[in-house]
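Labels A, B, C, D, E and F are assigned to the chains in the order they are written; within every chain, residues are numbered from 1.
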């Protein structure tokens, strides 16, 4: 691990809080969680499962802000420190799409990946069922929507931050029309962000005797981080107890060139719902990561995750430690 | 709205607490919630989904007090201020019904409407399945039961506080034998509180893209309040998350003469489960209103609602504001 | 049984075929079944679960004729002998109802009862879910629709052929919105065919150890026949095998004055799906009686029953034998 | 309709049988059905849901022949007259695919489309769930497999017989992992048979009050036929009775240039399960078309459809009549 | 296979019919099937899933004869030729059991094994759910019931015809309270037919890609036959189509001393529902073997199997061929 | 009750805390609950549903410690005071079993009974599904595993602390493969801890009108305590709300010689989920007792119960009061 390299630009101003005394977990919660409360907007019911990225001298993001009708909508936001956010109370108006595709139905669980010269947003987009919507922006003010990547029914579409083998690459989790009780992660490629193919299976849920928290369905979380050990992926996993779904998250390492090949996958979770703001809310027992900031110099990472489908939490760690943890506990 | 008139007798002594600073919601919670704890009776497991009315110089009510067998039973109670209640530890013994109908099986979620000269109690009554039981009282000591209004399976039977078109009128929500996953509000008429007919459809659940908190089933809450803008109805709505049902409530305005015609219906909820006593309990994430007190002079209203099927909460607001909110956010 | 009396007018011209040699069952099938084929109308997909009555010098009826869109519609028909039918290819147009109720959605499984001076038709009527529609006719040409009897969700509404205790009386089977997996028979009264009440429980499904063919749900079939031993009711019963629902039918005797009191109920079925036209069709394994003709003089009865939701069958028997069978095998 | 033109090469030797006397349906069954029995191969359990095309001086096809393990496999076959088939007892060995995709798991319900210079086979292909496999052949001996078109879970992938707007075009029906209880038809495009996009919604199931046989799910059948009135599509529809799924089929006309726009759609079915070989078998009550032969000169068409998931049936008609029927009964 | 030895006493008078011309299946149906009709008893609804054994100079058996209440009951029967049966219309009265266990609730799917000096009957016995009842007889007139072998919920208890390792041995299939959607075969031992233990797993359902007819649940059929190649077991398997369960049966070879070790297991079925009397009846698409007669000299075997839960069928074959088939097609 | 005798050795050092002022419940919670936190082990996710017994001069136990893979494992632990525990971070390695049975899959919800000269551990043991594993120890260091008691699928196997009628005796709750929605308590006997039989039904869930908290399924909790009034059994019961299962527990008295005969059974629960650590956690709303310590001299009892499947709670009471409560509120 001494030679570990981590891609990405330096981010010394990223959010951070040192590991608490007595803690030896690879990821620890921000002591002032939730970092974003449910009612940051005047009529927001909840703000969670959202995406942030470095932007100019600070940060920007695309936020899932359900309103008090409990409609799922996307909003742009800005922050100097990644902790205090100024979220636009108006929903994002996407431009440029074919009207049939661009007609808004609902959108949720966005991710944002910076590739080459622009920020690509992917989200679960309503088009006769949930599928993966795509748009891009350069200023987080104007967003240009392109074609949906896949046929319904799909969720958790997450782009890689660079082309692989000359093609755009996306992870996604095919699903069904409801509270899907199954879910594997797949990989797809596109020459142009318009047509997609070369679909490959990446990971299935684990056998419950091996790793029960990820035994019913799994899905990709934040945009993967490139390291010399492979792509570092955080993924959520779901266990179905007699009282509903429990969402936790762990980590995996994917092959750099053939990312559908899993090099390592943590047996233990990194974070599972244990705090009141994770156990109580609109959907109890949910920890759902959608974005991460990291600083390659220090190896620091800050993971943003939705808590109980209600608020947004933040957790911190060191990438080298997480990679070591992933390999040491791997169930592959 | 300047000419808004509200029916009902003056109720200056009704429970009240001013809107908290910084709050601009049309309904706000009582700061000392839950106003009725789960163990007010020696062997009560929970006290919730109950009905209160002005009575003599104070208030009376019919309370759902589940015992520690978790049997659902009804109790009478009295209060000077609507906050501190003296609930009879013995269950109500209904008199006068045909023995086949009067044999007690279970009863829950009562409502009380004062019509002309007496208090009519309606509740979900066990008779080969849940249906709507009816009884009347003048003193909250002796209760006279009459025939069940409808065939099973029905819940949430709520009387209007006066005859409409010369007939008694009731809202109800036909259901099934279990945790019903559907539910519309219907309207029915009776010349005599004995035979019912002229059934009309009032409201269906909303499309989830429009108002998700009321997209699986809905049901009438407190006895409607007559205003010059129509009958003001609070109704609960249910969303089915992957972790169960979530009960919130909003408001609607019904035509005064043809109450099955909906004039307005709030898209946002008024109250959704957000406080620990609403999110934690025998059934987490339930806010279920069954009664309201109001003072026509000031426009004040106090809504009693069951919290997590465990305790009783209280929320306050101004009727004119609620009517304005209902019309402004209407999804009709 | 020697003094058994059977109500009804003489019907010497009713359909009939003698009991086959070697058969000792109380009910036997017509050898030329199905008596009505699926495609009697040019565009009918199926004709079944229909109601016939004596009319003038022959017979008339209301028929469920699903078309090749598989829409459920009602048609009037006429016959000289009860075997060969002339069914009007146009659907019945009901008149006179409040437009909200009279707007046609779907209608199926009609029954026809002659009471006093007119023929009353009841059927499963679509009004925000299935409920019991009511109409009357005197000539089977013009039909006047009145209010629906009950709130949804209900099916199998069957009138008694005379007032009981001065009131109209109906059996029905409250249900849910889909392929209801439960079902008891209830009794209701009305002073005027407009408002209904005095609901009483009649019969529940039988324990499967006692009579499995009627262990999941039951429903009334033809209009009950008055006899000195009580109202003779044929009722269908449903068993849920691993391959779906199986509909058979048996018989019961109800108290003349309090028809919700069951005097006897056959443990064995009278007819269960055994013939190819009962086992094969749009819904395999269905025998569903909706009408019967009888001649009080001879005690003969002819039962019309839907076969596999596709065609109409006919079965014959003697009322005194059926009553004896019902009492001898009773599971009450 | 006088100027109706139908694409395709003349096919005077196609299978044919005149309309039976007294029949006025737009499609009628072959009197010697099933045209292919279940045990044509020594160890076949069933042969159904198969695809045939004109080939050289006769016909060729790709057949779903489940073996007595009830494994789903694909076989090539040849015929002089389209009635008597010589099916290769060995399964097709696909060549050329990436080993990850080319590893055989299962394959069923093939369609074959001739485009430009080769025959393209699409089928439901097992790859971590059902998706759409693609291969091509020029001689029905050697088959070259390419990438799967879509992510799982998908079924009923049907190619158009020519490029549209310069791109290959496919209909498909996204589904789930089991006996999918929903299903719309979607349209997708590809520049190269490798990457797919521009997904558009074509048709949803019909409301059951409008056309019940197609109210639960629908899927494309044979390769669409180009006519001056639009693409003629046969599509199956499913109704869910209390005893399972019932598969019938009807017809639709799609816009020539924007095939996701439905010009007409038959309310009635063309064929529903009514014959013993359609009602009895491994899956009762299934009529499932996968291929059609037609002769533009005469307008004749022969539709091959799976019967009860067991054998193959054949039905005949005239394209002009079917188009007229589709437009006359349209529910669009 | 030349040295194959088969245990059992010579049975030259067993039922037999030669293989039909052109048939090369290892098992073929009796041309006069069903060998036992549904109404052999005056009030039987169905006779199926029954057990026959050589007895004195002919045959005896225990029969599942459901009556027209569709109660499941057991009857003794006798036959000279195994084809024509004289079944006692009275149900078997079991003697000797502790009253708590001996109180009859229901019983079905019997098997009979001759061990040492008596015939042991096992069946699915109702005792607060289905479990395995045991009784013995020496004359098929008096039956002595002992303790139930296992706790509920269990079905398909089948004894081996001799002690193994000094202990009685039984196969069974643990299940649940309803139409169990899972099912493995287990092995258990008893020193005394009273206490049972040493439970071992024998076989699970097959992956559906490997052998779909046995992919949902499996269960032992007739009493295993001892051969030098191992215990020959016929077992039913179930596939769950969208239209219900399909029961077929195949064969397996178990280790003589450690019968929980499977030596071979047929991938193809031997018999699947294909004839009208197998596809049509109270439960369509069921072939369910419960007994077999064999003659070690000739290797002939006659398998009795329930058809559509309605009648009893008979199939013939040669044990050496079946063993060869089992080994050749084995999926172990 | 004055002559009540309680078996067991004196245990003056058992955990204890006096009844709080104002409390009159028969069981009250430890004020410092949870007595065992979820993370007592370095990598434990949760510690609950565990068994403790007096051991030498203190206490020992077998603990369910799920790790952060959420694998279910068993650990030995020791304590001086029953409050502060030293749990071995390594899982118990069972010795001596047949390898087929001894191969570890998963194990949970242990109970420990001291019988004659050793401690017997029973637990839910994974062997092709959940069943009852058995092992014994004399020092809580070396554990010897014997055969599983029963076939799958079974849970909550609880031994009596002495032979009854000369045989070992066990309660258990047959179940299915998942979140079993039914469950009765049964009784079984064994001469040797190897073979089991004489199965008897003990208790079914209560009708929900009678005692709803135990209306869906029930299961034995701690090892029964012998008293002159019968075996004192604590049993959990489950109610299925629209938001999942709720586990409470109550008490019963079983006949000393025929423990399948229930002498009394509490209608009210003793403890239901009401505290945050019972309502919030991996499975909200669970109180699940698995062990109790008692002192016959003082009648004191300390019940250990799992809370929310996350932590371990402790509750105190007096056995004579609990017996009186059980008899007074009995629903038998």
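What we mean here is this: a residue touches a chain if its C-beta (ideal position, glycine included) is under 8 Å from a C-beta of that chain, and two chains touch if they have at least 3 such contacts.
All values reported here derive from a predicted model rather than from experimental measurement.
When the partners of subunit D are compared with those of subunit E, the chains appearing in both lists are C. Path length between subunit B and subunit F in the touching-chain graph (shortest route): 1.
Equivalent interface to D-E within the set B-F, A-D or B-C: B-F (over half of contact pairs identical by residue number).
Summary of the copy comparison: rotating subunit C onto subunit D for the best CA superposition needs 120 degrees, to the nearest 5. Each chain gets a centre from the mean of its Cα atoms; for subunit E and subunit F, those two points are 40 Å apart. Rounded to whole angstrom, the centroid-to-centroid distance between subunit B and subunit E, based on C-alpha atoms, equals 59 Å. Residue positions of subunit A touching 2 or more other chains, listed in rising order: 243-244, 276, 280, 284-285.
Under the contact rule defined at the top, the touching pairs of chains are A-B, A-D, A-F, B-C, B-F, C-D, C-E, D-E, E-F. Residues of subunit C touching subunit E in their complex: 24, 209-213, 239, 241-244, 246, 267-269, 272-274, 276, 279-280, 284-285, 329, 331. Residues of subunit E touching subunit C in their complex: 38, 42-43, 45, 66-72, 105-106, 126, 179, 243-245, 276, 280-285, 309. Those residues of subunit E lying in contact with subunit F across their complex are 100, 127-129, 131, 147-154, 172, 174, 176-177, 180, 182, 184, 186, 188-191, 194-201, 204.
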